[in-house]
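First chain A sits with chain B, and in the next complex the same chain sits with chain C.
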Partner chain A sequence: MEEERHADAKIRAETGTGSSPRGPGCSLRHFACEQNLLSRPDGSASFLQGDTSVLAGVYGPAEVKVSKEIFNKATLEVILRPKIGLPGVAEKSRERLIRNTCEAAVLGTLHPRTSITVVLQVVSDAGSLLACCLNAACIALVDAGVPMRALFCGVTCALDSDGSLVLDPTSKQEKLQQCLAAAQAASQHIFRFYRESLQRRYSKS
Partner chain B sequence: MAEAVSVAAESFAGGRARGARSVLGQVVLPGEELLLPEQEDAEGPGGAGERPLSLNAGARSRVRVICGPGLRRCGDRLLVTKCGRLRHKEPGGGGGGGGVYWVDSQQKRYVPVKGDHVIGIVTAKSGDIFKVDVGGSEPASLSYLSFEGATKRNRPNVQVGDLIYGQFVVANKDMEPEMVCIDSCGRANGMGVIGQDGLLFKVTLGLIRKLLAPDCEIIQEVGKLYPLEIVFGMNGRIWVKAKTIQQTLILANILEACEHMTSDQRKQIFSRLAES
Partner chain C sequence: MLRLIIYLRYIFNMCFRTVEPLEYYRRFLKENCRPDGRELGEFRTTTVNIGSISTADGSALVKLGNTTVICGVKAEFAVPPTDAPDKGYVVPNVDLPPLCSSRFRSGPPGEEAQVASQFIADVIENSQIIQKEDLCISPGKLAWVLYCDLICLDYDGNILDACTFALLAALKNVQLPEVTINEETALAEVNLKKKSYLNIRTHPVATSFAVFDDTLLIVDPTGEEEHLATGTLTIVMDEEGKLCCLHKPGGSGLTGAKLQDCMSRAVTRHKEVKKLMDEVIKSIKPK
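This part shows the complex of A and B:
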């Protein structure tokens, strides 16, 4: 299964995020990725979605401190660094979300008492940052050769702030379903792109 | 176009599994499920048209297939866990089952495997055991008695910082890896402390496997350039030594760059070096 069941669409009700308004079922912004660009981490990737760009590095399976080791699976750590300033509470909550997603996808039981660290650096932010971080983390984990049971990706949806509709819960629910459907359809584009870029990488050897 | 259509169909059908035989040599992604080719019972001695009656008529017998690196068994299918090209090798015995399937992936991080020959760096000496860094998640332990001709009174001359070429006798996910520098007969067989001078550098695991393949052109061409000593560790480390420091550095650069060059570019560089 290519889609990760628990996290196949990340939805956030955003009003006025700055991204151009788009109708449901339409294409995502232009995206690109580069793999193995850093020499020190075991796996690295840079993911671009329009103007949003995130750089990810993965170290692992590596040594872990005795206080943090788990006896039957790998300890997964995610560090998200914003473009400017020190990491704050928003970064911590995003780190937790990304960590839960990665833990569901990575086969941690194959490497007990080790640590897998994902370091994400925001290079530029122009909307849908969390989705870009998730995509960069996934490609970096694949690049590092960490065994995974599925791939995952993120797509951000926005709800229109229409005064009359917000008051009615059922139509608001409906809008949510439309968002889910649109995000699921769009995630297929991203998975197809993963496949193409990984095939391009292996076509040289 | 056909490729795009097949990808769409696979994802809309909720991850329809493909047959393993149909994807040999292609890039597979983590999360894909592969179907094994099913084989029917062999014809019985009764002659053409007769088949021995099986008690469970519904089930067909399956051959025993070995799951290599990058694959895991998931029900009666294979689940791909790493990205790479799918490979298959027929059984050599002729009747020993369905062969081996594995995924050829590229990675930098080494995970200890029993029987692998690796180059390690001695980091600590505690009592009777040396701690050797092999590039994995834990340092491996090496007993001082695991050298050729070593006894309790005749200890090997190993210092912290020495390079060791040995093989793993214990390497699984639950235990600390242990290595030795003798084979099962008690002979060194090339293993032990690696001598003075030379240069140790790190490459990806895929390049090491390529260089250690039976008929590798790169090694033959490199051997024709300069006389050299070379040791390959399956953990991505190569130790090389030539007559002068300059030659050693040239060899190290060539081997590191080999990964990204096509064979034509390589031949050009070798011919240019052979002239100078």
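This part shows the complex of A and C:
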């Protein structure tokens, strides 16, 4: 029975409940991840971002129903379960997004006519849920040993609507570029964290 | 003899298209055009027809090439939510019946329909097309709920653009009767003779792109092109060039520069659609 590997990283701890706006510099919440915590799935991970927590399990490559099989690559399925209630339309939309992202990253052509299933369970939601789901899915796929061409991560960016922004369209578009730049910078931190946690996991064994 | 050669060439092309669709498309994309003769940044012929469903409070039919979507809006009464007693509801629902394409089966809505419904709900929410406070009749007691049903009659790609346009046109066509609350009986009295149009604040227009081979972007993909694409992107723009919604469900990556190009194309598309809408509304107003 493999031991759980626990890894966490502090990028910049939130200082109390200050109302200072987050600058474009990286100010992600404290995040942590646990791998291989479930015994039945081929790979599993739990990703925490502040108070948001998502548990992911990956089964695959496994048998696929003849109706769903694709002759030259693996069929990817994503199931997202909300914390309360039955999955609805919003969950389906997120599943589609996570599935398309995974499809772009996973080397499906190495396992044709198989299925790779990613199951995500929302444990707690304190904002930035989609990003947390994407990160959990990535770590779980790595834990399962599914061949991937690249890692992916999610970063959430929010725009405030000031009076001045509404009036000036070009600066709104500029803000989009700023968002993209800020998100790219933040994603570097998350990728560094992935590398460190995996190094910690595989260095002992 | 020449006719035979031409016929055989045609058969060969059709077989090649079925057997190697991606290669077939690549040959056209290399020449910066597509099999149906369009350029990479060209939209299909867009037609819109409003007010065709007399039993609905507002309706519109939009055709984007072969893709056909009809939107019907019905207004009903409801109790406003307890946490927002001065707001009404706008409830969109996209239906992709087996009629429109062989890939859809009858039964509960499939994934594609649910994703489209969620997208339309996001567009309504983000663009503030209707201020929900306008739908309130009596705070805490009575409000309008607009059920917007979008049904696809023919699926040939780019369903999101067609749905957004149909929704906008239908909402512009909606006429709500005047409602007064009778103080003595506390019942609502509807005056069907006095109808007024909805206050549409913004005009969101969607532009969809398909990504080919991780680099090439084409506008308004057909069903076949969507199937061959490595990713899709939908941008919803406002009249002031404001970005309402950017829908990119995974797929291959895009650089920031490409995204800017897409946004400028979306701005041009908005002007085209707005012109079409204004013409249609003008033609129906004198009634």
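The rule is short, and it goes like this: the second predicted complex is superposed on the first by the 184 of 205 C-alpha atoms of A that agree within 3 Å, B and C clash if a C-alpha of one lies under 4 Å from a C-alpha of the other, contacts with A are read in each partner's own complex, and residues count from 1 in each chain.
Methods note: a contact is a pair of C-beta atoms (placed from the backbone, for glycine too) under 8 Å apart; a residue touches a chain by one contact, two chains touch by 3 or more.
These numbers come from a predicted model, not from an experiment.
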- Message: Under the stated touch criterion, which partner chain does A:124 make contact with: chain B (first), chain C (second), both, or neither?
- Response: neither
- Message: Looking at A:62, would you say it contacts chain B, chain C, both, or neither? Reply first, second, both or neither.
- Response: first
- Query: Between chain B (first) and chain C (second), which does A:90 come into contact with in this model arrangement: first, second, both, or neither?
  - Reply: second
- Message: Between chain B and chain C, whom does A:42 touch in the aligned arrangement: first, second, both, or neither?
- Response: first
- Between chain B and chain C, pick out the one touching the greater number of residues of chain A. B
- chain A contact footprint on chain C (complex, rising order): 111, 114-115, 117-119, 121, 230-231, 240-243, 249-253, 256, 259-260, 263
- Item | chain A residues within the chain C interface of the complex | 89-90, 92-93, 95-104, 166, 169-170, 172-173, 176-177, 180
- Task: Going by the contact rule at the top, pick out the chain A residues touching chain B in the complex.
- Result: 1-4, 42-43, 60-64, 107, 110-115, 142, 144-145, 147-151, 188, 191-192, 194-195, 198-199, 202, 204-205
- Where on chain B is chain A touching in the complex? 4, 7-8, 10-12, 14-15, 26-27, 29-33, 70, 72, 79, 81-85, 105-109, 111, 136-138, 173-174, 206, 260, 262
